[in-house]
Structures are given as C-alpha cells and as structure tokens.
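One structure is given below, encoded as structure tokens.
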Amino acid sequence: MEIVEIIKVVVAGIICWLNFVLIDTYFGLPEKPGVLGAKTIGEKIRDIGGNIHGGYFMGNIVCSPDASAGTLLASIMSYLMGVEGGIIAALLVWIGNRLCADPGYAGTIGALTITAIIYLLSPIIEAKYFIAGMVLAIFTIQGFEHKYASILLGKIAKKMNRGE
Amino acid sequence: MDIVEIIIGVIALLMAIRIFLTRSRARKLLYLCCLSFCISALIALYVDSPMGGIVAITYFVCSTLSSNAIAYTIEQAKDIE
Amino acid sequence: MEVLPLISGICCILGGIGVILHTNPINKIIMFALLEVGMIGLIVSSYYLDIAIISSLCEPICTIILLLGYLKYITTIKKKKKYGRDLPVLSK
Amino acid sequence: MEFIEYILYIGYLLLIIGIFGTVIGPKVDNPFIRMMNVEVLTVGVSLIFLAYDEALALMTFISVNAVLSLILVRAIILNTEYDEE
C-alpha cells in the first residue's frame, strides 16, 4: 500500500520539476542576476567548479519568490481550499515579487499553471502529494550537490537559447 | 503519522545539520532556502484549515525578504574588507 | 509526537549553539535566522496563529536592523584606523 | 513527556546556553558580538512565555524586541565613534 504512495510522490515531483524549471528558464532567470545578491551566489558557485548561469538561476530563486515558490504555495492553497485557493496564492506571490524589487511575472504564471495541472489530474493524484513532490524537487537542486546541479541547469539554459 | 510528513521531516532534519556544518557563507543561504520550503509545507500540513495557508504564505514571503537582505550585505561587506 | 514540534526543537537547539560558537557576524546572523525558524514552528504547533503572523512579520525588521548596524560599525572601524592616530595634532 | 514540558525544557536550555555564552563566549570583547549573543536569551524568554499561555505578553515582547535592538545598535556605534584616543 505504501509503494503506491511513494510512486505517486515521485511522479508528482517530476511534474513539479519540469514545471518550474521550464517556466523559470523561459522568463530568463539564467541570463543575468535580477538583484545584487544573486551575483555573489553565482560567483561563489563558479568558484567551486560549477556553471555560472546555473549559479545565477540558484541565486535568483533564493533572493525573490519565483516560479518555485508559486508552485509550492499554489499546491498548498489548492490542498486546503480547492481551485479558488490557487488564485489567492497567485495574488499573494505577485505582492511578494513587488516587495523584493524584482521585475518579472514568473511567479504568477507558475502558480496559475500548477493550479490547472492539479485540477486536471485530481482524480488520479491528490493535491497532498504535490506538496511532498515540490519539496523533493527543490531538494535535488538546492540541497543535494551544488556543482552537478548547476552544470545540468546550464545545459538546459543553453538548449533553450537563454544565456550565452 | 503519514508518509508525506515523514519524507518532508527527513529532508528538513538533513538541511538543519548541513547548515550547521558548512563553512562557506553563500552556500549556507541555499540550504536555508530549502529549509524554509520544508517548514512552510509542514505548517500547512499540521494546521488543516485555510488560516494555516495564510500563515504559511506570510512566513515564506518574509523569509525570502530576510535572505535577500543577507545576500546584499555579503556583497557590500566584501568591498569594504 | 508529531513531526513539526520535533523539527522545530532541533532547529532551536542547533541555532542556539551555532550563534554562540561562530565568530564572524554574518555567520551569526544566518544562525539567528535558523533560531527564529524554530521559534515560529513552536508557536504554530500550539495553535497561536495570530502571534505567528506577527512574529514572522517582525523577523525581517530585526535582521535588517542588525545588518545595517554591522555595515555602519565596520565602516566606522576602518575610517578610524585610517585617519585616527596619524593626524597632526597640536600637542605633538 | 508532555508537550508543555517539551517547550519549557527547550526554553530553560536556551537560557542556560545564552547566559554562559554572553559571559565567557569566544571573542566576546568585541561589543557587537556580545550584543548578538544576548538575542539567544530573548528567544528563551519567549518560549517560557509560550509555555505558561501568556499570549498578550508574548506578542508585546516580540514587537518591543525589534525596537530594543535598534537602540542597542545605535548606542554601540555612537560609543565607538566618540571614543577617546
């Protein structure tokens, strides 16, 4: 019985990973540091042997709520309230984006997209598994090994013509 | 105990130990961001009502604002030193 | 015991030891953020939700005050060391 | 162990760590580092307020604490700036 739940968590994690990495790369996060704090994190990642565009990507996630935060908060609110919760979460993420002085609409688009995906997949995978899947997805980028994660993000950015 | 809470709890415990042991200043911020994701998910799973969602969103946005200020200060302090 | 109070207690103890043991002030501020995470988790786990909102709003204010104070302090130290003793004072 | 005793023991532990760290901690002759060690004590006092169900005192203490750190930082900078020799 627990095997089925673990498989659901892993599948939800893969969906969340593809969602926020593709949206963040399309809106141009790996090109340049949006705020000043992201620049020093990118240079630190380069010093330990990683790719600098992946470093800018990680720094922008830390310094302002982007599509990763939108994915997590929209899945939380749609677990608690239903479809209306996702729209409230999108509004609050937009206010948070303005507070951090970061131009761009990546967070709002990410929150609306994951709300639609959860509504379509709700008979198969419940919204509770998407929360654990999002934590698992952010663990593979920010927590596990910084060097290889930045190299992988740099390759994806180069393939989508963002950066270089 | 649910299987979902156990997975998030193990990741949060691992992050709390790695923040304590890492020596670099910039890499501590990356681990702190991951821990903030975990705590925000645990709050929403523990308080099972819409007010818990509001608390989770407020906590996450304020935590991001705090780490933005720390990263800005590391850049400024490097110039002075 | 539930998962949230257990994780919050471990964060409180690790943060409290880490603030004392580190000596660089920016490292101390990062460890102080870890301590605040544990305190907010313990407040939420006893269902005081309004105090949790107030506490998470006051945490960036305290952090920003400490960081601005550190920048001003280190600038004052550098300026005093550069111009301090070597000025041609009248008594010399 | 009950849940209230768990919060109370963590608060006492943070008080003991904070007191010894402020008095005999490493590099404590720098006034900025000594002021930052005091912040551990305030979190310990907040947890003890939480264990005794003093909700209004807890809210007031957290709000005043941000203003208090502003006054202490300002005092340290003025003391360093106007110091003799």
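For clarity, chains are labelled A, B, C and D in written order, and residue numbers in each chain start from 1.
Simple rule for what comes next: contacts are C-beta pairs under 8 Å (C-beta built on N, C-alpha and C of every residue); 3 or more make two chains touch, one makes a residue touch a chain.
Quick caveat: nothing in here was measured; it's all calculated off a predicted structure.
If each chain is reduced to the centroid of its CA atoms, chain C and chain D end up 10 Å from each other. Chain B and chain D, compared by their mean Cα positions, are separated by 22 Å.
Here the CA centre of chain A is 28 Å from the CA centre of chain C.
In this assembly, the C-alpha centroid of chain A lies 36 Å from the C-alpha centroid of chain D.
The residues of chain C that reach two or more other chains are 29, 70, listed in rising order.
Judged by the touch criterion defined above, the protein chains link up one after another in an open path, with no loop closing it.
Chains that are in contact with each other form these pairs: A-B, B-C, C-D. On chain B, the positions that touch chain A within their shared complex are 3-4, 7-8, 11, 14-15, 18, 24, 26-27, 29-31, 33-34, 37-38, 40-41, 44-45, 48-50, 52-53, 56-57, 60-61, 64-65, 67-68, 70-72, 74-75, 78. For chain C in complex with chain B, the touching residues are 2-4, 6-7, 10-11, 14, 18, 24, 26-27, 29-31, 33-34, 37, 40-41, 44-45, 47, 49, 52-53, 56-57, 59-60, 63-64, 67, 70-71, 74-75, 78.
Contacts from chain A toward chain B in the complex involve residues 2, 5-6, 9, 35-41, 44, 58-59, 61-65, 68-69, 72-73, 76-77, 79-81, 85, 89, 92-93, 95-96, 99-100, 128-129, 131-132, 134-136, 138-139, 142-143, 146.
Residues of chain B that touch chain C in their complex: 1, 5-6, 8-9, 12-13, 16-17, 19-20, 25, 28-29, 32, 35-36, 38-39, 42-43, 46-47, 51-52, 54-55, 58-59, 62-63, 65-67, 69-70, 73-74, 76-77, 80-81.
Taken in their complex, chain C has these residues touching chain D: 1, 5, 9, 12-13, 16-17, 19-21, 23, 25, 28-29, 32, 35-36, 39, 42-43, 46, 48, 50-51, 54-55, 58, 61-62, 65-66, 68-70, 72-73, 76-77, 80.
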